[in-house]
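Note that subunit A is present in both complexes that follow, paired respectively with subunit B and with subunit C.
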Partner chain A sequence: MMRIGLLASIVALLLGAPLVLSGHVVGVLTTALIAVLFAMAFNLLSGRAGMLSFGHAAYFAIGGFAVIHAMQAVEKGLLWLPTPLLPLVGGVAGLIGGLCAGYFATLRSGVYFSMVTLALAELLHAIAPNLGSIFGGEVGLTTMRMPWTSFDYGNEVHVYYTVVAWVVLCIGLLYAYNQTLFGRLTVGVREAERRVSFLGYNLHHTKIIVFGVSAMFSGIAGGLLAFTTESINYSILGMGMSASVVLHTFVGGSGVFFGPAVGAFVFALFGSLVSDMTKNWLLYQGILFVGIMMFMGDGLAMLWLRIVNEFKERNWSALKLRALLLPPGLLVAAGVVTLLELTSRILDQQYAAIVSRTKAWPPVSLYGFNWNPTALATWLVPILAIGAGAGLVFLAISRAGREAAPRAALAGEHAR
Partner chain B sequence: MEFIVISALNGLVYGLLLFMVSAGLTLIFGMMGIVNFAHASFYMLGAYLSFTIARISNFWLALLIAPLIVMAAGMFIERFMLRRVHGFGHSQQLLLTFGIAFVFEELVKLFWGNFPVAYRPPPLLSGPAFSLFGTNFPSYRVFVAAVAIVLLGLLYLLLQKTRIGIIVRASVQRPGMVSALGHNVPLVFLGVFGVGAWMAGLAGAVGGALLTTSPTMSGEMSVIAFVVVVVGGLGSLLGAFIASLLIGLLTSFSVGFQVSLADVAQLFGYGEQARQIGGLLTLEISSMSASLPALLMLVVLLTRPAGLMGDRN
Partner chain C sequence: MKKYLVSTAVAALCVFGSAAARAEPLKIAVIEAFSGPNAQTAIPFVEGVRYAIGKLNKEGGFNGEPIVVTEYDSLNQTAGAAEKLKAAIADGARIIIQSTNSAITAQISEDVRKYNLRNKGKEILFMMEGSEAAEFTAEKCQFWAFKTASNPFIRIKALVSAMKDTGKLGSKVYSINQNYSYGVDHEKAQALYAKEAGAQIVGSTLHDTAKIQDFSPYVAQIKASGADTILSGNWGNDIILFMRALGDAGLKVNVGNTSLDTTGALSAMGPSALGAVLVKLYNLEAGGKAGETFAEDFKAVIGHYPYNEEPTTAFGTLLLGEALKKVSQPGGKVDIKAVALALENVSYDSPAGRWSFRKEDHQLLLPVAVSEVSKEARYKVDGTDMGFKLLKIVSPEDSAVPVDPKCKMDRPS
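Showing the complex of A and B:
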């Protein structure tokens, strides 16, 4: 019940957002929502069915290109389609592309499956610039949205509401999919492939359909992006897009239904917020991903669920440990960021030019302070922060371990 | 004739370079069962580090030091990162190496900028080695091939003629059994990971000056090295060697071919129709040379998934 309330309030917030937010922020929200849908579609294949795809940008891009072509056809009057329904074309294209690619990719499983998806995407990426009529060459394709009834699609708010409607609808469909028998079968493919085929299901066909459905929703997401930006370029087929959806999904957590959405939303907002401040924002995304993979492999959404659970169980010692770990963790993060930002500012081309001209190292400004790059303290402060933070984390964990150990032993006694 | 000989030589050099990268990748896969997405990052790191060291001191010192630094980085990653998530299964390790590769690419962009750097061969090796059909063959290509062949010989001796080599080969086949016999398998893993990283670093140090040294080099090499490993058969060094040469030759020959599917259709008298359809049919092989490795990998995976020399599926 609480969950429905939470979802309803999120949808209400999304619907109300344009009333209070500026046009720029609405634009950011639009791209964030598209990333959310893409990650959710990707997770159907990679999380639910356990087939890790490293080339999902292909289906996202196929959807995008299909929508651009459809928009061009509508513009020329060759096709009649209400503007808000355009992303549907992306879904159909994604489904067809996914069924074809899925037929080949799902012949293999495990690492081999990942390799085939990667190879297929790379193949498309390498061929695309040579097929000018379909992918628009290096320049890409551009078009215009046509007005529809009272929606003239001239401003970002109209686009935003269309995107919200599509994303909410698609996530609802994905949720419904998981509740069906076939949705359970999808999980079965991940958990016990052999048993699925012993139960009489055609494993290969099942996998192809899952692949196709995932590609279809990815295609809708790609279509929404094309619909929003009114242009598309073959670079969207590249590894960057495939990599970012992997990052989003696993940072959020592939084991929870809304995990990928959380990851995508957090990263998209993080991206737009941090990319204004530093050019190294992708590096921070990568470091965040590696950190999450190493220290909490099941992602942010799972972490949240765990904290909620600990509150419910009144497991104060676990919560205390988390609270104790937070400040030193932030200290380490601050140290790493400071170190990287200082390095990046010193290695900047403009700065290097000044150094070679004046033969001196002028101070660099960061967080409103001037840091002297030749002073030892400049480098010692962030390094000490990292060291102190890491030491405190280690201390807290080992103390918690010592406190928990006798209690666990006692619990074992009782159990016996 | 000239085209064939020059293309064959270029393909051979490129293939040998590919082998230096993919040898470590295939050994690591055979042993630990992980596809190391960060392996091509070692190649990139080797190129950038030796570029910087060569600028400060000289090329030969760079060739010595840069791969050693890469080796240290590789061993750190194995010992403190991959081993940490070992218990969570292969996909977690795969994702972790994926993330590490991502971080490496961004770090390179931070330190050296998001553009290619001018990493050139030393003056001693920038002249022609010999001339064939009036074309000069650069001596740096000969040098790259020589480095790769020496490395190949050393690797062969190490793996086939020493006791360490026997343990390593056995760990590739049956890690559990080797461990049961009392060998320290994690240490063997660490060593192989280090040597693999060292070889990739060396390949980068010599290859960076032959090809381009840019932040995208790891992504491109990554795909090609995967192709080599898959085509050769996962875990098989001989297979990786054959596949490297095969792909080297394929890439260098395809660049020179101005043939399209429409020309093939012409042989059967359907040339005009094919040209009218356009699209894929009029695409020349030369412009598809970047995608040929991926195509080859698909064909091999779908027809002979164990690869040329692999024995497992």
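Showing the complex of A and C:
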């Protein structure tokens, strides 16, 4: 019941967002939602069926190119299709591409499967620049959305609502898929491949279908991107796209249905918003990824579920520990960010030019303060913050450990 | 308390006073890949723009106000660039400058065109200051976009004519290029202009882009063809490794290329690059005294002598500055249509010659510098004893190529 309430309020928030947010932020949300759908589609294959694909950008791109070609055909009057249904073309193209590629890729499992998917995607990536008429060459393909009933599609809010509708519908379908017998069989492929074939199912066909369905939803996501930007280019076939979907899925947590959605949403917003503030955003994204993998390897969604469970079980000591760890953790983060930002500002070419011209080290501006790079305090403050924060984290953990130890011993007594 | 009151009053006065006297400042957005592996390519373009805007502001800015420049990180993705364009427009930017990555240029150009269609009276001007793809002044040409870069046809026309005039063009030409739209355009241009110069194409190759580690089979093929001149539009590792393979084979031929000046290329190619000919939009040796003044002024502001694409974007932005000066009135409004119309008629005198736009397709007409890799160059690069010695400046009239018939520009009424 609570879960349905949460989902309904998320959908309501998404629907209400354009009323309060500026056009630019609505655009950011649109791309974040597309990343969400792509990660969810990817996780059907990697999380549910246990087949880690390193080349999912291929199906995303196939969907995108199919939609652009369809849009161009609509623009020229060669094809009749209502504008909001265009992403469907991407789904069909993704399904066909996925079934064909899936036939070969699923002949092998494990690492070999991953390598085949990688090779197939790279194959397409290598061929695309040479096929100018299909992939548009270096400058790519562009087109224009046609108006549909009262939607003129010149406004990003119209695009946003179309994307929300498609993403919600597709995630709903993915959820329904998991509830079906075939959805259970998909998990079976991950858990015990051999048993699936002993039960009388054709393992290879099952895998091809799962691959195809995952590619179909990826194709819809790619189609939505093409629909949003009204353009596409072969660079989308590159490794970067395939890698980012893996990253999103693991950050969010592939073990939870909504995990990949959380990861994709957080990282897509992170990329768009933090890159406005600092040029080092990729470094922070990397640190965040490593941090999440080291300290909560099952992802952000799992962390959320744990906290919810602790509330339900009234496990106050665990919650108290989390609350105690938060401020020193933030202190460490602030110290690290300050150090990195100061360093990068001093290493900047423009700053180096000023230094070589004036032969002095002028103060650099950060958070509205001027920091003098030759003063000891400038460097001591962030280092002290990191040290103090780390010390407090260590203290809190060891104290919690000491408190927990007698209780664990007691629990041991009971067990005996 | 009293002090607080006084300072508040002064602040309020300042705010009201400035609101009354100040015109709306012109905002320019630079959308470029500031992060990730492509940031290295983007930096020279941005430095050129920074220099030029600094100079324009020193000369009085626009409408009596300094021009405000904001830099946006495109994340080197088309979707990212489209988002940042929206952000820039929301922040009030009226002119967009972008240089690297033709895919992003195409995205922004299309978005600007559509935005202007949908927002009459609030138009945006787009300066493409680096993308070389020929499409931008052909099927993708549009009124609101101005291209201050060349294209393969302009470059190869200038290269071939200068090589012919300096006796570096043989009679048998081999053409080797990368197999994608840019390389294919180069191949077409090389075939066309070599033939016009009376040379014969004895062979041509299109190879995979940035994937080949060993060019010796290609060099063997060139040797077998009997070519005495090689023309190539290769960039990055594809020209470095090719030149090294050529040096290793000991093949003595003339080489003409467009990207020998990439940072690190000369030191990587070593002596095998000596004698190779580079065609570029500018050479620091050009323009005598005026050229030296520009180089020293740039160094005083930015911290080093201009290199790579820095002079090109500096001149491109200063050409925009000429149009801005023409429509600037103290206290006036920002009228982008007037700026665009002025931009079609102004010119900027760079040390090497006159820069101006062609009205029909908004292609830049410019003098093109053809140089030779030599130990006698005035400015040595990459810490080697080699540099680019100016061979010839090809005049804007001689480097211009005809307007592409595919360019159909919708002009505002």
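The working rule: the second predicted complex is superposed on the first by the 416 of 416 C-alpha atoms of A that agree within 3 Å, B and C clash if a C-alpha of one lies under 4 Å from a C-alpha of the other, contacts with A are read in each partner's own complex, and residues count from 1 in each chain.
One rule holds for everything that comes next: a contact is a pair of C-beta atoms (placed from the backbone, for glycine too) under 8 Å apart; a residue touches a chain by one contact, two chains touch by 3 or more.
Everything numeric here is computed off the predicted structure, so don't read it as measured data.
*Asks:* Between subunit B and subunit C, positioned on subunit A by superposition, is the outcome a clash or a fit?
*Replies:* With subunit A aligned, subunit B runs into subunit C, so clash.
*Asks:* Taking the superposition as given, does A:140 touch the first partner, subunit B, the second, subunit C, both, or neither?
*Replies:* A:140 sits against subunit C, while subunit B stays out of touch.
*Asks:* Just checking: does A:349 make contact with subunit B only, subunit C only, both, or neither of them? Give me first, second, both or neither.
*Replies:* Touch status of A:349: both partners.
*Asks:* State whether A:98 touches subunit B only (first), subunit C only (second), both chains, or neither.
*Replies:* Touch partners of A:98: none, neither subunit B nor subunit C.
*Asks:* Tell me which partner A:235 touches in the superposition: subunit B (first), subunit C (second), both or neither.
*Replies:* Second partner only.
*Asks:* So, A:126: does it touch subunit B (first), subunit C (second), both, or neither?
*Replies:* both
*Asks:* Is A:280 touching the first partner subunit B, the second partner subunit C, both, or neither of them?
*Replies:* A:280 sits against subunit B and subunit C alike.
*Asks:* Please work out whether A:297 is in contact with subunit B alone, subunit C alone, both, or neither, and reply first, second, both or neither.
*Replies:* Touch partner of A:297: subunit B, not subunit C.
*Asks:* First (subunit B), second (subunit C), both or neither: which does A:31 touch?
*Replies:* Only subunit C is touched by A:31; subunit B is not.
*Asks:* Is A:107 in contact with subunit B, with subunit C, with both, or with neither (first, second, both, neither)?
*Replies:* first
*Asks:* From the options 135-143, 189-197, 261-269 or 297-305, pick the one stretch of subunit B whose C-alpha atoms clash with subunit C.
*Replies:* After superposing on chain A, the clashing stretch of subunit B is 135-143.
*Asks:* Per the definitions at the top, what is the overlap between the subunit A residues touching subunit B and those touching subunit C?
*Replies:* 126, 130, 280, 282, 349
*Asks:* Using the touch definition from the top, list the residues of subunit C that touch subunit A in their complex.
*Replies:* It comes out as residues 34-36, 39, 43, 47, 50, 72-73, 75, 77-80, 82-83, 86-87, 89-90, 102-103, 105-107, 110-111, 114, 118, 133, 135-136, 140, 179-182, 184, 208-209, 211, 300-304.
*Asks:* Enumerate the contact residues on subunit A facing subunit C in the complex.
*Replies:* Listed in rising order, the residues are 22-24, 27-28, 31, 126, 129-130, 132, 137-140, 142, 144, 154, 156, 225, 228-233, 235-236, 271-272, 275-276, 279-282, 349-350, 352-354, 356-357.
*Asks:* For a test of understanding, state which residues of subunit A touch subunit B in their complex under the given definition.
*Replies:* Residues of subunit A touching subunit B: 50, 52, 54, 104, 107-108, 110-112, 114-116, 118-120, 122-123, 126-127, 130-131, 133-134, 239, 243, 246-247, 250, 280, 282-283, 285-287, 289-290, 293-294, 297, 340, 343-344, 347, 349.
*Asks:* In their complex, what parts of subunit B are in touch with subunit A?
*Replies:* Going by the criterion above, the answer is residues 35, 81, 84-85, 88, 90-92, 94-96, 98-100, 102-103, 105-107, 109-113, 219, 223, 226-227, 230, 278-280, 283, 287-288, 290-291, 294-295, 297-298, 301-302, 305.
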